[in-house]
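Structures for review follow.
What follows is a pair of complexes built around chain A, which joins chain B in one and chain C in the other.
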Partner chain A sequence: MDSNEATTSESVSKKKGKTKKVKRKVKSDEAPVQEMEQAEGEETEKKSESGPCFPPTFSVSEIKNKQRRHSMFLKLKEEKRKAPPKEVPKTIENQRIYDETTVNPEDEEVAFDEGTDEFSAYFNRLTNPKVLITTSDRPRGRTVRFCEQLATVIPHAHVYYRRGLALKRVIPQCVSRGFTYLMVINEDRKVPNGLVLCHLPDGPTAHFKVSNVRLRKEMKRRGKDPTEHVPEVILNNFTTRLGHSIGRMFAALFPHDPQFVGRQVATFHNQRDFIFFRFHRYIFKNEKKVGIQELGPRFTLKLRSLQKGTFDSKFGEYEWVHKRHEMDSSRRKFHL
Partner chain B sequence: MQHDDVIWDLIGNKSFCSYKVKTKTQQFCRNEYNITGLCNRSSCPLANSQYATVREEKGLCYLYMKVIERAAFPARMWEKVKLDRNYAKALEQIDENLIYWPRFIRHKCKQRLTKITQYLIRIRKLTLKRQRKLVPLSRKVERREKRREEKALIAAQLENAIEKELLDRLKQGTYGDIYNFPIHAFDKAMEKQEEETESEEEEEEDEEESGTREFVAEEEFEESDLSDFEDMNNLKGSSDEEEDAEEQSSEEEETEEELEEEKTKAKSKGKTPLKGPVRKKRAYVEIEYEQETEPAQKSKAT
Partner chain C sequence: QMSAKSQICSIWLGSETGILKGVSLTKKQAFNFCEMSCLSRDQEVCVMAWGDPHESEVLVGSVNGTVKTFSTDKGIFTATRECGDPSQGRFTGLAVTDSSMITCVESGLLKVWKEGSTETVEINVGNGICRMQQNPSQRHRVATGGKENPLKVWDLERPDKPIFTAKNVAHDWLDMRVPVWVRDIGFIPDSDKIVTCTGHHQVRVYDPSTPQRRPVLEARFGEYPLTALSLPASQGTVVVGNTHGELAILDLRKGLVRGCLKGLAGAVRGLQCHPSLPLVASCGLDRFLRVHSLEDRSLQHKVYLKSRLNCVLLSSRDLEVSGSSVSDRASF
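What follows is the complex of A and B.
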């Protein structure tokens, strides 16, 4: 009886149940018990669904009665749909090694830290951001244009020519003139490849690797030039503690109150330790649809080091340094 | 014996000398004591028994002199004189050491000293300035990073993420009253409430179908006709007709909803909107179902 019911052509799992039942009869029940219970469960389900028992070799098309055939067919379809649940595909984000420094939104310690760190002045609305953008020595055309476009994207940004000055001399002068950020774009072979972002009144200094810089005229289907309105800021996926502090660093670049009239948004999106910067203009077509149009330069950043004080490469205290051999060994481990 | 000419014949023009470096237009001498660096009859330290050079070691200049008297003692051949740091005094020192020496060698020594002091000054100036640090790039690492960046960009789905974030902000109300869309959200909430009431009504209708009689309108029934029936409703006041009106209005509302759903769910492909009409058609199918049993009975009869 049991074996007969089991060998139906409809569900393969039932066959497996049958073989395991045979084993169970031979041996005492140990591991196969669970599968047995499952098979039994399936049987009871079947019994509850279809009142009469069916002979082993039987298909839906053999029922003469159209109503019953139809209902059996629908039931079969339901079962097929239900039977294997849709599997969630494995992605790198799913398989990411859990980082113990992931910030919990309600974490008090983090909230306390943020209340007292270098950006607290900005977030308490005591200071307004003022950014100084400069380059390394002897910048070439592409870097210069990139700096100019960055200055249009970031409000209250000024571009200054470097003139071979040492950063350590530049920083006190900036502080005295009320700048809150110093941004130095490093250039190599006529292409910008590095960014040093220094929060000025003795704030942290972050060094990034810049790649895939696209200037405005290289953008496809771009909109008109950005206006003077203060853009909104979107920060995505900054989950760990380090990512949190970097995210705050980016947020403090822009003034507090975005002017929604301008409909501009600057996005810093972190994905697998790469921070993608985009600048868009958006328009709401209805409450379900929004259209975005890319203006502005785009680039990607990768954090190389975070130093606690202002820029000091020799004697600085580094909070985080990217060490290739340790950190790049696993493909599932990310730090931001 | 020191026969300079013989030596020069052996190693000089168009002969082999291990210090000689030949280029297309010129010959250079790699000998460290050579004063000009060129391979000439007058500049060759091997082919001149009386020779002098100025060399620099760790920022200090020395004058080296070779005379024919010490030709037999290679260990003591070169006399080393430390020159003063002051350029003018060093020049005078050269003059007094190389007094009575050929003009060429004196001149060349002074020229060499000048050059050396100039480059020493330059070195000192440069070390004070910032220096470029050359960091070697590993090609393998660069390629790997580039590829990972591309993959991360694809995985990021930036446009979708930005749109989603903006819509979330709109729903939360960070934009205040700038946009007038919130009315639609209110309408949707109302529709949801209506759906719930309809489902309750349908259940009630199902319960009552067994045994009770209803007067069901035709499919072409329109809203405008309701006004005609209002009086009838008032006259009769029976629950059946009220239910009729409710059924019809609920069906119409359902159609409206479906249309709106189709409009708003432009992205979803087909499945959810179909459920509405399918459900609706099931009501009709049941009616047709009753009709279809007649031929089945007929077939059974035959």
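What follows is the complex of A and C.
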């Protein structure tokens, strides 16, 4: 057996013109040679099937004989059917590096953690949300209109002028007046570019970067203004532990029971660490078809930091800080 | 079996959910030692300490004022002791001497609990304590410090007056008083010196053997409050962590930054260097335990432990049986 293999490999190596005989190389030589032989066999089979040799460029329609033409067409269809299946293209979402903090729905510890964290009062239906929206000092037109539109989208929201007050002093006053959220929209060069969302009793503070703000009159094919009905909330793709915290933060902005009469829905869609906010009105045309109209402002958020405790950027403890050079080194790693 | 799991654990962590976690780096596994049915937030672990020099018992102090003893051989909590109530504040320090246990709370009440008897020696160390640390070589000496509460070293045999009180530094360049906020304390081995890190991002070294009560050395790092400090086995350096998740190794001869340890995303709550190997374990609000090597500042291990972590304890035994610690960077 061994001697036979050796002789065949010798002949193979001689054919290929190689002089060195290393065992590993021998084995690898044998394999491609066998593949080549099989390939040749297939080609010869194909040639025998097609019958008389046709010139390389020909199409089935050039055969004048109707029956022969029909049989050739059926054979072509058969070969196409045996073709390899369509490949799934690689996307960044497909290639996403598996995040070990992804929440498993049956995890008891995470369930306990979420059941007793700062949002437990809201999720146990003990408090109703009441939001205070304000801006950085001296806001210009676009930011003011953005705040007004946000106040129509979020129920029980009140817009107040900032008047240059310090946030650390505003927060105890909000708590005493029963507010549950403080939303501060930061403005730069007449355009809103930052959002600080602070959960009030003593909850986490999230700082976002806001981009691509579209006000109502800039939206194409939009519907009429949103009504006072409580919208439904959709939170998409918040899979990791950090994503869960942020998702719950957004969920706690809106009252519990959506009024389906209003047919309004607010969507926070997370993709590649960017959170897209959209506000739509839907209508069911029949059982399977839905029509949607986009109303309301549209903006994108990116999380910069999540701080435990109310707003205190100097002395507060951060639960998560975005560090560009460490976290953005891989294009396929996301944190939310 | 719980005892088998606890015997292989080399790192112990206390979390905000009240769960004591044990991590074995050789087996690359983390275990929770608690009752899942009776978890509550008031059992949140504030401090942890070794119960005896052989490291067979871990003392765990919780927010509700109880100190539980966990046996690493048996894998269960063997004793619970009521050591105060939540109105006094959280535990800021836990230590053990000969046959007694020392606890300190935020309101400044430092108590020495003797084994077997109910009598306690009480010292009032001032309000707003952030940390109480025991001198590992002279175990009857403890140091305390906090917000607007300067560093004081107490001798438990003479509890009426501190043996050393630090003096605040001179007024700054605007002639204003520099605020005091001692967050963590460390005793430098083989000397009398004490190093502290403050909430105003300063690291100070005091020497009680000299008549100078002001710091011998002051170094600054970063712009955020420093929350944890640890002294490695090799002399002359200190590892500090701040609320932004920045860990740095500082040189204590000149006060310069030797290097930073990368990877943390949240505030550092617990930091400990291994007694003999050049490794440092850090835990924080980002729910990860990270072990870095101090020589090349690379990340050796990263473990995801689903709750926010408050304190970490390293055992003195070799963390990895294999010996070479550079090979695996696996996370659990």
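By our rule, the second predicted complex is superposed on the first by the 254 of 336 C-alpha atoms of A that agree within 3 Å, B and C clash if a C-alpha of one lies under 4 Å from a C-alpha of the other, contacts with A are read in each partner's own complex, and residues count from 1 in each chain.
The rule we apply is simple: a contact is a pair of C-beta atoms (placed from the backbone, for glycine too) under 8 Å apart; a residue touches a chain by one contact, two chains touch by 3 or more.
Fair warning: this is a prediction, and the values are worked out from it, not measured in the lab.
After alignment on the shared chain A, the placement of chain B and chain C results in a side-by-side fit free of clashes.
In the superposition on chain A, A:327 makes contact with chain C only, while chain B stays out of contact range. Of the two partner chains, chain C is the only one that A:101 touches; chain B does not reach it.
By the document's definition of touching, neither partner reaches A:61: not chain B, not chain C. With both structures placed on the common chain, the touch criterion links A:110 to chain C but leaves chain B unconnected. By the touch criterion defined above, A:124 reaches neither chain B nor chain C. In the superposition on chain A, no contact is made by A:176 with either chain B or chain C. Residue by residue along chain A, chain B and chain C are tallied for touches, and B comes out ahead. Between chain B and chain C, the minimal CA-CA distance in the chain A superposition rounds to 8 Å.
Those residues of chain A that touch chain B in the complex are listed here as 66-67, 91-93, 137, 164, 166, 211-212, 232, 234, 236, 260-261, 265, 267, 269, 271-274, 276, 278, 280, 282, 284, 286-288, 290, 292, 300, 302, 324, 328. Chain contact summary for the complex, chain B toward chain A: residues 129-130, 132, 141, 144-146, 148-149, 151-153, 155-156, 158-159, 161-163, 165-167, 169-171, 175-176, 178-179, 181-182, 184-185, 264, 296. Of all the residues in chain C, the ones that touch chain A in their complex are 16-17, 19, 32, 36, 39-41, 199, 223-225, 227, 243-245, 262-263, 265-267, 269, 285-287, 304, 306-308, 331-332. Within the complex formed with chain C, the residues of chain A that make contact are 100-101, 107-110, 112-113, 116, 241, 308, 314-321, 323, 326-327.
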